[in-house]
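Structure first, then comments.
Chain lettering (A, B, C, D, E, F, G, H, I and J) follows the sequence in which the chains are written, and residue indices restart at 1 in each chain.
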Amino acid sequence: MDVHIPRDLEEKVRVDTVAREKEYAQELQREGRWLHLWRIVGQYSNISIFDVESADELHELLWGLPLFPYMDITIMPLTRHGSAIT
Amino acid sequence: MDVHIPRDLEEKVRVDTVAREKEYAQELQREGRWLHLWRIVGQYSNISIFDVESADELHELLWGLPLFPYMDITIMPLTRHGSAIT
Amino acid sequence: MDVHIPRDLEEKVRVDTVAREKEYAQELQREGRWLHLWRIVGQYSNISIFDVESADELHELLWGLPLFPYMDITIMPLTRHGSAIT
Amino acid sequence: MDVHIPRDLEEKVRVDTVAREKEYAQELQREGRWLHLWRIVGQYSNISIFDVESADELHELLWGLPLFPYMDITIMPLTRHGSAIT
Amino acid sequence: MDVHIPRDLEEKVRVDTVAREKEYAQELQREGRWLHLWRIVGQYSNISIFDVESADELHELLWGLPLFPYMDITIMPLTRHGSAIT
Amino acid sequence: MDVHIPRDLEEKVRVDTVAREKEYAQELQREGRWLHLWRIVGQYSNISIFDVESADELHELLWGLPLFPYMDITIMPLTRHGSAIT
Amino acid sequence: MDVHIPRDLEEKVRVDTVAREKEYAQELQREGRWLHLWRIVGQYSNISIFDVESADELHELLWGLPLFPYMDITIMPLTRHGSAIT
Amino acid sequence: MDVHIPRDLEEKVRVDTVAREKEYAQELQREGRWLHLWRIVGQYSNISIFDVESADELHELLWGLPLFPYMDITIMPLTRHGSAIT
Amino acid sequence: MDVHIPRDLEEKVRVDTVAREKEYAQELQREGRWLHLWRIVGQYSNISIFDVESADELHELLWGLPLFPYMDITIMPLTRHGSAIT
Amino acid sequence: MDVHIPRDLEEKVRVDTVAREKEYAQELQREGRWLHLWRIVGQYSNISIFDVESADELHELLWGLPLFPYMDITIMPLTRHGSAIT
């Protein structure tokens, strides 16, 4: 997920949206659906691993991100690797 | 990591290299240095998360992969995300 | 799915693999898991829609394609569109 | 079709255009010309399959989309696949 | 259409295929289905305009090209332009 | 030629420029210098074939397009194809 | 690091940010953490070599750049080369 | 060098900058440092050959272009070709 | 023009082809049709400027290059620049 | 510099070429013309900084690399950065 908040977004709106994004991300992490969340060094971007039941669930989850309108999201479906020990 | 094993690689060499790769990957996972390993659906590729002390350590680790000569590797340094709960 | 069968593949192997691919594709269509299959005009490529329970199921399905070693596959998770009537 | 509605589009215009888009899409689906319509997960984009008589008909159909001025459209002509069972 | 004839193709096969390609192209031009055919300067490539009834017809036509196995083909559906005088 | 008319262009200017573009295109077609003009389906773009004496003439012709400031133009020099029948 | 300062940034803000950027860059160079800094000829871009303990340190360092919001940064982890004499 | 003058640049500033650019380019041509200057057909771009003592000199020369802030510049270092007769 | 001579080309053929290429290039330079020829630093590539009457002439000239089968050629039509002093 | 040594290169030739490359690289480093040499982590590639008098010198230096035939080299001319302290 690459985040591009427009420079002309009202300060109050920006601060509020970022705060709601954080709350939303942490709630989903606590629910175990947002498994991992890392910052990419030097970029306003993250790498996230989701654990969802279906593509529909993932879409609703992403569509609900407060920063969604300002994000470019690339999705790669993952599965267990034959050499993984867990 | 995208894997491209040449079609003309001797069968015995291929089988042996893939086996050594698996052993190597599992040893590093047990050591806690290869944190996560996922297969990308529909591709002979994986997404891996490493936990290393330095770029030097990561290089030695990757250079030692039995399949290294047949891999295209892209690296993204990651750091803790401000919204991560762990 | 773009198919690139190597020119030096033995004729007998090529014919057999393509036949098994067709059989496999038709079996999956009959099961309702391979929902749609279209040829892209002027290319040895297809656009396919799968209806699967999970990323794991999709991976096994694709990994099992007889032509898998000669394919480049790009996957886009889809979900219901709000304007769809079905 | 990727949709990029400009942020400074008047709210009333945006809502009205999106509503007309939905109506237009559903009418074409009922006519059997817009065969399939899927949302791409995590993107304001869709994958659509059209069943039209000619390139001219497809052009008029697309040019008439209320959201057309805000869309990037990529077209791939499709034909029946030899392994399709329908 | 970009043509990439493999260097190791038998000379006799190459000459024969190129001759059949020319014959095929000229027959289709006489039938009025291959409307225009230009060489791109400095490249073993051409720009062609086809006049066909359907995507199916275009696919059969292209699939039948003797050089088809050695071609990369990109297709752009065209329609009448509002400023065209014919 | 891809056309990108800015959304904030004054309506009167837009209408006038598009009208002058049409007039200009038709005059050049009548002169036989703008040989073919097709609309690309689903895009505000065209494919054009010009018959000019020199690169200088082509440049003046294109530079004179009323919509030139809003266009991305890609040029491919063409020549007669050995298999063309005209 | 490619720098894209928006044209509508207030002059005073621009001058102040560029000055703070210079001060910040020179302080880090004196500390030995910003090892090399070169301008790419003909571009508002630079190539920099950092000597840091960890990805976390690099992220904080970059995130702190006064021009960070206007930069596109690409990172390549480096290690000692076997043929290097130092 | 691709030139992208912003549409909202004040007319007087635009005219003045373009005039100074021309003067600057011609002075450098007279000095023999700007060896060749060609317009790319159908684009607000040029191909230029410079004859300079060093990368530093080239950078100063380019940085001094009145249109520099509106240019994308790509540089390819050239040297004598073994088959050149001059 | 990027040159990619295949590694398995017979040594005698390679040497002969390169020699004929040089002769051909020098003859065209003497005729004034191959105006400039520069080597790109660090690449088996060149930048060339041709002065020809037509696209047809350029095509014949390039098609006749002894190394043509091993070249990727990109062509940009050029014209006089308004700021050029010659 | 990305290195792609062909798999079918004779072992003796490969070992000898790599050894000569190392010797060549170290000699140039001792002369002060090859200023820096870093390995990119996880890739058979390096980032190098050269200090040369001219493009001609750089070309001869690179052309002389024993591994040159197996390298893809990208060059970026650098100059002193205004914020550099050395």
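Quick note on the criterion: a residue touches a chain if its C-beta (ideal position, glycine included) is under 8 Å from a C-beta of that chain, and two chains touch if they have at least 3 such contacts.
For reference, the UniProt names are A, B, C, D, E, F, G, H, I, J = Muconolactone Delta-isomerase.
Quick caveat, the model's predicted, so the values are computed rather than measured.
Chemist: What's the minimum number of touch steps needed to get from chain E to chain J?
Modeler: Graph distance in the chain contact network comes out at 2.
Chemist: So which pair out of B-G, A-C or A-B basically repeats H-I, with more than half the contacts the same?
Modeler: The pair repeating the interface of H-I is A-B.
Chemist: Report, in whole Å, the distance between the mean C-alpha point of chain E and the mean C-alpha point of chain F.
Modeler: Chain E and chain F have C-alpha centres separated by 24 Å.
Chemist: Could you please state the distance in Å, as a whole number, between where the Cα atoms of chain G are centred and where those of chain I are centred?
Modeler: Computed from C-alpha means, the inter-chain centre distance equals 41 Å.
Chemist: Which residues belonging to chain B are in contact with no fewer than two other chains?
Modeler: Residues 39, 41-42, 55, 58-59, 75-80.
Chemist: Kindly provide every pair of chains that touch.
Modeler: A-B, A-C, A-D, A-G, B-C, B-G, B-J, C-D, C-E, D-E, D-F, E-F, E-I, F-H, F-I, G-H, G-J, H-I, H-J, I-J
Chemist: Residues of chain G touching chain B in their complex?
Modeler: 54-56, 58-59, 75-80
Chemist: Chain G touches which residues of chain J in the complex?
Modeler: 21-22, 25-26, 29-30, 36-42, 46-47, 49, 76-86
Chemist: If we count contacts the way the header does, which residues on chain I are in touch with chain J in the complex?
Modeler: 7, 39, 41-43
Chemist: Over in the complex, which chain J residues touch chain I? Could you list them?
Modeler: Per the touch definition, chain J meets chain I at residues 6, 55, 58-59, 62-63, 73, 75.
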